Amino acid sequence: MISPIHIITLTLGTAFFIGLLKKLNLNISALLMLVAIAAAGTISASWFTAILSGAANAEVFTAGFNPPYSINLLMGKGEALITLLINLAGFLGGVYLLKSLKERGIYTMIIYLVFIMSLNVIVMTRDIFNLFVFMEVASIGIAGLVILDKSSKATQAGFKYLIATGVIAGILLIGIAFTYYFAGTLNIDVIQQASIINFKAGSIAVFLVIISIILELKPFPANGWGIDVYEGANPGIGAMISAASASAMLFVLYKLAVLVPESFLQIITAIGILTFVGSNLMGIKQSNANRLLGYSSIGQIGLLTAIVGLKPFLGAQFELIAVSILISHFFAKAGLFWLSGIVKKQNLKDWAMLRQKPYLLVLFGIFIFALIGFPPFPSFLGKWELIMKLAHSHHFYILAFILIGSFLEGIYLFRWLGFSIKMEDANLPPLTVHWNKIIPVVLSALGVLGSGIYFGTITEIAASLKYIPLLFIALLYVIDFLPVYVKNTVSIAGIGYYLYTIYPDLEGFKLIFGLIFLAGGMLTLVAGYFKTGTRKGFYPLVMLMFAGLVGLIEAHTTFEFFFAWELMTAGSYFLIIRGKKSMTHALSYMLFSLAGAYLILAGFGLAHIGQSSYALDILASVQSFAPLVFILLAIGFMTKTASVGLHIWLPGAHAEAETDVSPMVSAILLKAGVFGLILLMLNMGSQFIGSFNIYYALAWIGAITAVMGNMMAAFQEDAKRLLAYSSVGFLGYILFGLSFMSHLGWLAAVSLSVVHFMFKTLLFLAIGGIVYRVKTKEMYKMGGLIKKMPFTFISVLMGIIVIAGVPPLTGFGGKWILYNAVLEKGWFFPSALVFFAGIVAFLYCFRLIHTVFLGQLKDEHREVKEAPFWLLLPQYMILMVIMLFSALPNSLLKPIGAMLAPIFPEGALEWQGQLAKSGFGYWNGQVIMYIVGGIFVVVFAWLWYMNRNAQKVKQFNIGYSAERPSLPETTHFAYNFFAPYKKALGFLVSPLITNFWDSASEGVHAISDKVRRIYNGNVQTYAFHILAFIVVVYLIIF
Amino acid sequence: MDFGFKHILYALLTVFIVLNYGLILQGIVRKIGARVGRRYGIRWYQPYIDIIKNYAKRSTITHGVMFYIAPVFRLTGGIGLLLFMPVIFGSEIFSNFSFAGDLVLVLYFQFFGVLGMALGAAEGGHPYSAIGVSRGLSQVTAFELPLTLGVLAIAMQYQTLNITEIVAAQQGGFLSWTLFTNPFATIAIMFSFLGAMGRSPFDVVLAPQEIPIGPPTEFHSGLLGVLQLNRAIFPAAKLILFMNLLFGGATSWPELVVKTFLIYMWSVFVGTVFPRFRVDQSVRWFLVVPLTIAIIAIILIRF
Amino acid sequence: MKSLLNNIKSRFSIKDVTEQRSNLVFIDVARESAVPLITYLRDYEGMTHLVLLTAADWIEENEFQLTYLLNNPEQKFDIGVRVRISREKATMETAHHLWEQVATYQRELKEMFGIDFPGSPGVDKPFILEGWDDLPPYRRDFDTKKYSEDTYFPRPGRESNDPAEYMKKKMYPNEK
Amino acid sequence: MKEDFKKRTVITPEGKPLEIDPVKDYFSDARPKVHKPANPVIEKFANWARANSLWVLGFGTGCGAIEMRPLMTPRFDAYRYGIQWRPTPRQASVFVISGYLSVKTLKRVVRTYEQMQNPKFVVGLGSCTINGGMYWDSYNTINRLDHYLPVDVYIAGCMPRPESLLHGFEELKKIIKEGRGEGANKYAEEFDWYKANQKKVIKDWDMPDYNW
Amino acid sequence: MEYISMITGFLLVLLGLWGVLTQKNIIKIIIGFSIFDTGLHIVLVSIAYLRGGTAPVIDKAVKVTEAIEKVVDPVPHALVLTAIVIGLGVTALMLVYALKLYQNKKTLEVQSFNDLKW
């Protein structure tokens, strides 16, 4: 084993050596530099693996004396890891900067080497003065590297950096001096034993040391200089500061944290949280990529600072949490800075350039998702554990602030991602990529992925996760170049096989929802055959979403559930953003999902208090705050069911999605929320706040959602938007039914879920087929298409009869059960709203079919063809099932009823053949079908006989007040179809909720804008911030 | 319930009686309207002649399949509504197919014909049809809310959704009618009834002068004849429904005739006196006055 | 009224003034000054309302006479501006920029008299005679009786009487 | 021809140009059919019904329309004879040409008449429909309605009083009951003659020959 | 007496900070920083001060056993040397920056260099 000292000797020696080479050969020098850093990294790596496998820590005594008489270095697990990271960053950064280093000459390489070396020393040293020295060396190194970039901005930033670190170093020096004065030593371990914090002067000395380290970590608000340097410096340098330098300083803080009392740790936590929330808040308003990355970096470091402060509460999981979040930040931030250097454009909107090289986009997405903490990245695990531990130790405020901060970070990161995927890129210059710039990015992406999977395997709770679906997704990525029909077949086969394997394990709700998710998924995928070409990137995302959905079904623990939930969110986000004009909708979908996920996370955290297991049924025995847990989880799930107030993401997202994606995200994805609610309600049962039944509130929410969704649907001009709002409304019914907590209520809710899946798939595919043919979604621009698309018409007709709940089709069953449930339960007023919503549904049903299929065919649609076969096929498969369920209602309702019987033994329906009896009424779907069919056929036959010779006429042959129409457009009554209704009741759908969220968003942006004004760009202000920060913290502590 | 051939005969009998009753009722009501206007008015059997005339038309045109089967939907809706109800209480013959479903079925089956008709009318391609449908549906949503609440109140009162049982509970003197046992629900439902009958002041749907009779504007000949049959059966079926719910049902045909005639007179009188509402006015009116009364009814039942 | 006429006279060359009534004056002007005159009347003399624009066929003089009848709604009097144009070259400046409805009158005149108003919107669209292909019917050289007889299948046996003669004969058969 | 009925080119959703000929594409150009009366017994019954259910199209073609309004009033009350007004040609059976008929209106009248369903009846009201009346020498009003539409009853007068109208309707009833109300079939049989007459006066014929 | 140097040092530190925070000219700011640095060094040295102490050389005058009471602490002296060197380096780099800044904008007013903000 090579001594850790050689990390220093190698790098320093090389630095001197290439200095000797002078300008002989830049290539050789550069090679030597990289080799030296690589060698240093190898040493760290070898120590890391050795210590992990049980070797002892290594100590190096530099002058042959034991400490405190000489400087000593320690190579422990942490040191090994951090130096490994630093050297890795150094190496990759070196590769990345290769060209500019060579341009700037040999001295730059020397500075670079010394910088890397100093960071290594900072990590390893146990001597605080030595620490000071190398911190200064690192500062000088950074300033030296920054100034080599000749731009004015870089110079300014470097100057600010120099002044600020100079002042901080001064403070540190005072602290070190007095620490030495009181403790008589400079060795950390000995100082710790000297316990100088027991008297005030000593603790002030330690305070000065620690606060300086914290200041080096750029705490909010004394961090303007840091942000400026991120913005001004070459992104390659920015990457080094953000990844390597910050990791080192963080480790220093961790190292020195042993010196301080617990009260001071709390302050550290507070500072960290403040930084996390504050800088993420300010990031929202940023439009400059590097500066944004700066805010994000500082935020992440703030979170890690807080984690260091929270160490006593995190127990054994501390390492996992800290390291996983650090590693995610390290790779992601370095990768993003490097990407920024490749893009060379500072405006976030210009990142649409990335689309020119799709793999860059993939890398970008990986980094963003790693930063936010999506699975399978390490930070996901870290965040989960962190929240669980925080909840366990009753740090609720911190928990809340961390989630808020993460959410704020999500806002700007996902907006940025959206820009890069969807922003107009017409006027952007072509993107050129050099091999040396791309390799580090690719490696860091692999690093973050690999470390995520590694963490997954070493962690106990994550061990049960199934990675087979993820492997399947990876396979799909590999075969992404193949044509659609191959991949489609593979996907369907994959889902089918998976369903086959898990089918025996499914029962009850899991069976029903499993079938909706998987069988439904296969069905909607069938429609995918109509696409031609390769449809790049589509199938892995679809499978990601389905993997998430099936994960929900299979989850046994809260962790597995959350993991699956996040997978599903990620997959569906990308599916949604693939649509046209979907940038803002995808963002709002993501933000609502993120907020929902965080609420779920918090809910699981609270539920976990006082329980050792993570199994899902701990929800049944929540020890404390049960109503709060319930509310958090319910709201979290309701973001997916798009209940009123949380629905604004849905219409746009569903309407703009691709033809066969709409049914997936509308008919299938929303059911994930329903499934979550069912799990929640099953486990937690009735919940009361005081004597108020939360379920009553849910019933009202469901009812209002239903009315509002349906009414909004009636006023839409866009067919897919109409369907999307109709989903909102229908999910309202389902929530309403669930809130009853009775047999009939749940029977209605579950059967409506199934029915909603069927007709919504049907309608979205049908409308999608039309949109595919006529290339518009505005209904008033269509009309008269029944003659051109009769098959589509039939499926839409059946679909709307089901929605409207008109007998004899199966939609009526749900209505009937709901009536009986209401009578049993007695919640009349919300029920009245629900029934009102049911009638309002007629409005949009009719509008949908009239304005699209009936009325006047437009000039340009005279030669439109029927929708593609592959879109019709799944529709007709569903139609057959609908007819079956309509004629034999007990084939659907009886199994559900049997499944509900153990849960709600009271009030079940009584079946006699196809006759259902409740306590109030009875209903025989089969007989109704026969009778209605019989009468219909008789009347029809008679009319047919009477008028068998009817003359077929064309569309303008109408009695038109002795005139005749000339244009289909002016004859088709379709635009603003329910104008009088809008006049009467339009105020009900005034966009209050949208306005609320808009103004909330504007408010956050305004605050963000206000807060960031403290960074006025003047170095003296920054210096003042630093001093004021010290004073304020001092006053708080002492 | 065994379903035999005789049920079909019984059903035909019911339809026949109600059809004739509906036609005569129509004639008489128009006659009354004329007498109010000091005219002699049509002959009471004029509706028969009109129907025969329409069937006797020799030519027909069609705008497409939906246009053609819309009247079928409409008539099926009317006949179905009638047959899903017990017409005469206690009579096996005239209970028809009420074993197939309860009050909820009847309430929702009303829309079967409405929706089918709307579709067919829309396929005619006439803008006035679509305007009429837009108005009609808007109005339906409005009066359906007090109606639903009133029906819920009644179902709660009698603890059943079975129409036969509801009627049974009202037997034994007129004081046990819902009219007296649950006056608020009755008032709310009777207001909704005005909307359901589509007479003035809620007849803007068919406004003959501005949108030539609205949805059916393109229908003619036999197609119109079918619609006219339905115009006889459907109001009669609705009258029977409201009679069953609110006025103790009927144990014999004469009783049915008297009761339904009087119920119909309610909408006739209101219609003769009040001018037409615009759609937004009627929507607001339904959601203010009858709805308030229906809410009172529910509160009284609940507490 | 007097001062108004004086004002006009001082500004425009006027052929003749006919005072029909105390509140109705006709002014004959040359073709060139007709539109400027009505513009002046509208903008400076409060004749804001165009009552009508009509034409008469003076076939003997081979001229059309156009009359712009203007009204002053404040002081309640009318002025008719009369202008003669040649029958052969029957064109006149359009006045639709003054009142939009003039275009309709001009459309009618185009159809009925064949007087063209270049630049008037829709002046060539059929006004009431859809697809007319004969002489403009209001021209006096158009023989409407002959046209009707040729076109509209006159019912044979129709007798035409002078009403006065007929009634006299019928009521007082004995008188001469 | 109105601008809207000229041929126009639109772009289909696929981006191909598509030529639309509105008159051809949007209007059926089938010829009318002759519907022979059915079995005499049934026809007698049907004629009785037709005679007693005269649905008059509410379309005031000329000044005579003003004389029809009193028929709805209590004084004359035509309803008692089974005469009712109907707002759409699809459902009406009697077309009253009330007075003079200008060429422009004739075009609309022809179209409306053709939109009515067989059997249908035409009543010419006032002298103008008979021989042109006081407009006999007008360049723009037709003189004999029966050259353009098959007329069942003429009611002379300028204007005829409502009583004469009622009398005219009674005559029409008689004609229908006797089975002579076959104007629609006559129109179909002599379609070419009628069309030639119509086209002679309607100069810009921009519609199909039969307006379904 | 032993505190005089320390107080002087702190005064210099404050003076230096005042300079850094208030001066508008970059050169003056750098001078302020130098004063600040110097103050720090004086403080550092003053820590080692021992009344009546002697140089930390163990010879005849100071026996090993009495060294603790007699000699001043040598470590801060060593530290201050390092600190001075580093301070020099930092100051030199600052001056380089000042030069570059001047080349960029032909001014040394610190307010003109706030292109990066918010």
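Residue numbering begins at 1 within each chain, and the chains themselves are lettered A, B, C, D and E in the order written.
Just so we're on the same page, a contact is a pair of C-beta atoms (placed from the backbone, for glycine too) under 8 Å apart; a residue touches a chain by one contact, two chains touch by 3 or more.
Because the structure is predicted, anything quoted here is derived from the model rather than measured.
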Contact-graph distance - origin chain A, target chain E: 1
Shared chain contacts [chain A and chain C, defined touch]: D
Those chains which touch chain E and also touch chain B: A
Most contacted chain pair (by C-beta pair count): A-B
Chain whose Cα centroid lies at the greatest distance from that of chain B: E
Distance-maximising chain from chain C - centres being C-alpha averages: E
Distance between the centres, which are taken as Cα means, of chain D and chain B, whole angstrom: 36
Interchain centroid distance [CA atoms averaged], chain A/chain D, Å: 70
Whole-Å gap between the CA centroids of chain B and chain C: 61
Residue numbers of chain B (touch at least two other chains): 59-61, 212, 217-218, 221
Contacts with 2+ other chains: residues of chain D: 33, 88, 90, 212
Numbers and ranges of chain A residues touching at least 2 other chains: 951-953, 955-957, 959
Contact pairs between chains, per stated definition: A-B, A-D, A-E, B-D, C-D
Residue ranges of chain A in contact with chain E within the complex: 129, 132-133, 136-137, 139-140, 143-144, 147, 152-153, 155-160, 162-163, 166-167, 169-170, 173-174, 176-178, 180-181, 186, 224, 228, 231-232, 285, 291, 1012-1013, 1015-1020, 1023-1024, 1027
Residues on chain B engaged by chain A in the complex (per definition of touch): 1, 3, 55, 59-66, 68-69, 71-73, 75-76, 79-80, 83-84, 97, 99-105, 108-109, 111-112, 115, 118-119, 122-127, 130-131, 133-135, 137-138, 140-142, 144-145, 148-149, 152, 155-156, 159-162, 212, 217-218, 221-223, 225-226, 278-281, 283-284, 287, 294-295, 298, 302
Contact footprint of chain B on chain A as seen in their complex: 784, 786-787, 797, 801, 804-807, 812, 815-816, 819-820, 822-823, 826, 828-829, 831-832, 835-836, 839-840, 842-843, 845-846, 849-850, 854-856, 915, 920-924, 927-928, 931-932, 935-936, 939-940, 943, 946-947, 949-953, 955-961, 971-974, 977-981, 983-985
Residue ranges of chain E touching chain A (in the complex, touch as defined): 13, 17, 20-22, 26, 29, 33, 36-37, 40, 43-44, 47, 75-76, 79, 82-83, 86, 89-90, 93-94, 96-98, 100-101, 104-105, 110-111, 113-118
Of chain B, residues touching chain D in the complex: 34, 37-43, 46, 49-50, 52-54, 56-61, 208-209, 212-213, 217-221, 224
